[in-house]
Amino acid sequence: MRQVYLDNAATTPLLPEVREAMLPYLGELFGNPSCLHSWGDAAREAVERAREQVAQLIGAEAEEIIFTGSGTESNNFAIKGLALAQQAKGKHVVVSAVEHFSVLYSARTLEKWGFELTLVPVDKYGVVDPDEVRRNLRKDTILVSVMHANAEVGTIEPIEEIARITRENGILFHTDAVATAGTIPVKVKELGVDTLSLAGNQFYGPKGVGALWVRKGVRIIPLLDGGVQEGGRRAGTENVPAIVGLGKAAELARMDMPARIKHLTHLRDRLLTELPRKIERVVVTGHPQNRLPGNASFCVEFIEGESMLMWLNSQGVAVTSGSACTSRALKASHVLLAMGLPHALAQGSILFTLGLDNTDEDIDYVLEVLPPIVDRLRQMSPLYAKFTKAGKGGK
Amino acid sequence: MRQVYLDNAATTPLLPEVREAMLPYLGELFGNPSCLHSWGDAAREAVERAREQVAQLIGAEAEEIIFTGSGTESNNFAIKGLALAQQAKGKHVVVSAVEHFSVLYSARTLEKWGFELTLVPVDKYGVVDPDEVRRNLRKDTILVSVMHANAEVGTIEPIEEIARITRENGILFHTDAVATAGTIPVKVKELGVDTLSLAGNQFYGPKGVGALWVRKGVRIIPLLDGGVQEGGRRAGTENVPAIVGLGKAAELARMDMPARIKHLTHLRDRLLTELPRKIERVVVTGHPQNRLPGNASFCVEFIEGESMLMWLNSQGVAVTSGSACTSRALKASHVLLAMGLPHALAQGSILFTLGLDNTDEDIDYVLEVLPPIVDRLRQMSPLYAKFTKAGKGGK
Amino acid sequence: MPIYSEKVMDHFMNPRNVGEIENPDGIGEVGNPVCGDMMTFYIKVKDNRLEDVKFKTFGCGAAIAVSSMVSEMAKGKTLEEARKITPQLVADELEGLPKNKFHCSNLGAQALSKAIDDYLSKKNKGGKK
Amino acid sequence: MPIYSEKVMDHFMNPRNVGEIENPDGIGEVGNPVCGDMMTFYIKVKDNRLEDVKFKTFGCGAAIAVSSMVSEMAKGKTLEEARKITPQLVADELEGLPKNKFHCSNLGAQALSKAIDDYLSKKNKGGKK
């Protein structure tokens, strides 16, 4: 059976070049970068090269890059570390309603620590209105966090505009670029933010490694205390092979980005236009144009996402429904609800995230296998029964 | 030139079997364990197998194991997470003076959060006296942390006895077993502790992965907020290849432990007895018997550790001095000072940590190359000059 | 390691007794789109026995498999026997359910029970059958 | 990527001017075991020039290399010229020092300066030479 992986937002495979770059560090070059002997020297050199590569990807200085263990860690580090460093100035934090759980629940933890939190709403496309951010700023606001793009609906946020507002008000601005760094152009100077997270496994690099970029001069309290690794800002023996892989993936992403975007956009647009033609009552979620090149997200009326996912899997197709992969909460995605979708519709979420290996034939295959699955599930759906009884199309 | 790696406390090489076990997860089996499709299934299966393997190593239940990104993260998680979970009960924490920085500075962070900290002293061998712990307990003590063994001087601590005291007093007890798990027998039930940290790169497993064992029923606040990975206690996409490697390393360690201990103890004892015969005025640090099988630590009088390390490196021999590898602070090791060594002597620290690949010839080589290095450095040492002028041996 | 047992997958992909019953003797509806699962059970009763059971379900794989399993377990049973189909029994018959899906087996048993309630209340009122 | 430049390693492994001077004209001692490095500089002065410079050092690779470099830079210079050997100049001559080792170059310049002070104060007191 054809195997079609369309869940690249959950994690991407390693590019062969990335794996090759990592292998020596799983072998002979196993040293600890903090050590002063030759084994340490080789490891340190590798880590510093990777730091340069990651810095180049986002137009930053190498010394501004702090390696972490995941996108989640980078976001926890930023939200908690910046808030704690600023608490003498104020205790109010503003984040968007569609943030990844690693930002959202870090902000919830800040509430437990005595901070106040404001969630900024989004429009029906999942876009944060910069004026909404401005309206929610207070004298004691010390931190704003809005993600660069939402992985679930693909919407790209107006970071530059929000950054202009935070800068005017002397407030730090973190952006979670886990879904964008390595995928679309991300330049910290153009974005105008103060800190930015990214993760290796989002652009054909390894799991177990992320980075936080911290603008020079911005104070942040460590999340991990201990040794003086990463300039004393992130303790713990560095995950050298993964860092090397992240560096290599960053280099490849920087070089191949235009070609990748073109390829993914083509496949994405096929899904976005052809799927609603093949299946009635399907809505595209997220912004129609201003969205991630590899993201085609939908809600299918009258049926539930996981059951589609399971059926597709039986046909060799891997997808995600809503935020199923990170939440496994049984509730509808907080992102879709924040965009104003009714619960029943939000339950029917299905998310295709394309990767470099995908082809037109993969799209053809999905367009062929999905409609009968939807049919079958609708045949057993009480909601669909009500709809047809009420006079199909009469709505 | 002969290459002799004697810095296994800093990090160990991967065993070939461990690397083999990891490779598929850097290739085809790249899925995210949280996902519900086949790619996710394969990854989840691998992670759960590893959890079993780690649990077996320490005589625990699989569901009590939480994977983390490093020994440092495990310690931060335990110290901060247990203290925060217990703060309604009290705010006093007790840790030993010779803890690894990841415990020590986590406890210092607790101080900033309004907790009180007591450091328990050690004797000249680095041993914590359980009665000292008892004397320092208060009504509001909620957490005690004493490491299972100190990696720098090898001393193994009387964990069972301390655990008996904390249990009697209803106080949680964390032990940092990063230096012992996978190296000497570590059984959580025998130790009687409530939480225990371990790390992959200490026993021929990968970097970038650790674990925290949390006794069933013990409440702990997450360090990393976000998705519901690891039962909601440690968010972030799992580092599957590294977790698989940790599992395999745990399995191998469990099976080979007696043979490994025998091999390492033999080499260690040669260093401990022969080095002081070859070089005058060298002291063994740490407990003479009750110490890690691979740890031979010394202080060499009148000269400084890093300069020995650099010279040895030029001869192909990799060692560490004091806690040089994690602190790079220029000060003498806090462990040696806590043991009562004078500063000048503590500066002369040199640490050989043996690994499975080491041979008798490696020891012969070290015993051959080190004495002339010491001589050379002493010839330029003003402290040695004073000593010889004062009448050599007259001391 | 799929999250669902083979039995669950079988009932999910080949659900038994899907559909509606025309002029059913009882209908039981549970759940709502907010909680994520909705089930409607239809029953036909003859001589105090469940002559026919059908369902429609909106929900995850577990919800569909549970519905199918409950319908299969219920069919042919007396009303009293059918009441004894507990969530645990359903989960056991399915060779287990993931922890966070256990509530689905609750829903299945509830929906059946509601359909029986519906039948009984109609019978008491109308005296029909 | 070794932490030390080749030049530092050269001066560390082949330090110039190690030793003591018998009956030196000045001695400068800096540092102590608590801070981790100790240096003693010995100088011989003739016609206001550093005719000979020797040192003994207890310390890390950087401390030894700095001592060696300072001694080499100082030798043959007038006292005034020698005073102008700044920590930065020493570090530059060594092709850089790791950030956390920069203080060693301070110590080297200080020790030399102290030896010159010692010479000058003895001269002033004793009028010798």
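Going by the order they are written in, the chains are A, B, C and D; count residues from 1 in each one.
Going forward, a residue touches a chain if its C-beta (ideal position, glycine included) is under 8 Å from a C-beta of that chain, and two chains touch if they have at least 3 such contacts.
No experiment lies behind these values; they were computed from the predicted model shown.
J.: Which chains does chain A share as contact partners with chain D?
T.: The shared contacts of chain A and chain D, listed by label, come to B.
J.: Higher C-beta contact count, A-C or B-C?
T.: Higher contact count goes to A-C.
J.: Averaging each chain's C-alpha atoms to get its centre, pick out the one most distant from chain A.
T.: D
J.: Just curious, how far off is chain D from chain C if you go by their C-alpha centres, in Å?
T.: 89
J.: When the centre of a chain is set as the mean of its C-alpha atoms, what distance in Å lies between chain B and chain D?
T.: The answer is 39 Å.
J.: Centroid from C-alpha atoms only, then distance chain B to chain C, rounded to Å. What do you get?
T.: 55
J.: Quick check: what residues of chain A touch more than one other chain, meaning two or more?
T.: Within chain A, residues 36, 38, 306, 310, 328 contact more than one other chain.
J.: Give the residues of chain D touching no fewer than two other chains, as numbers and ranges.
T.: none
J.: Chain C touches which residues of chain A in the complex?
T.: Its residues touching chain C are 302-304, 306-307, 310-311, 314, 328, 330-332, 342-344, 347, 379-383, 385.
J.: Taking the touch rule as given, give the residues of chain D at its contact with chain B in the complex, in rising order.
T.: The touching residues are 4, 9, 12-13, 15, 18-20, 29, 32-40, 55-61, 63-64, 100-101, 103.
J.: Once bound in the complex, which stretches of chain A touch chain B?
T.: Result: residues 5, 7, 10-14, 19, 22, 26-28, 30-32, 34-40, 69-73, 75-76, 100-102, 105-106, 108-109, 199, 201, 206-209, 223-229, 235-242, 306, 309-310, 312-313, 317-320, 324-329 of chain A touch chain B.
J.: Which residues, counting only chain B, touch chain C once they are in their complex?
T.: Within the complex, chain B contacts chain C at residues 36, 38, 41-42, 44-45, 48.
J.: State the interface residues of chain D toward chain A in the complex, per the touch definition above.
T.: Listed in rising order, the residues are 1-3.
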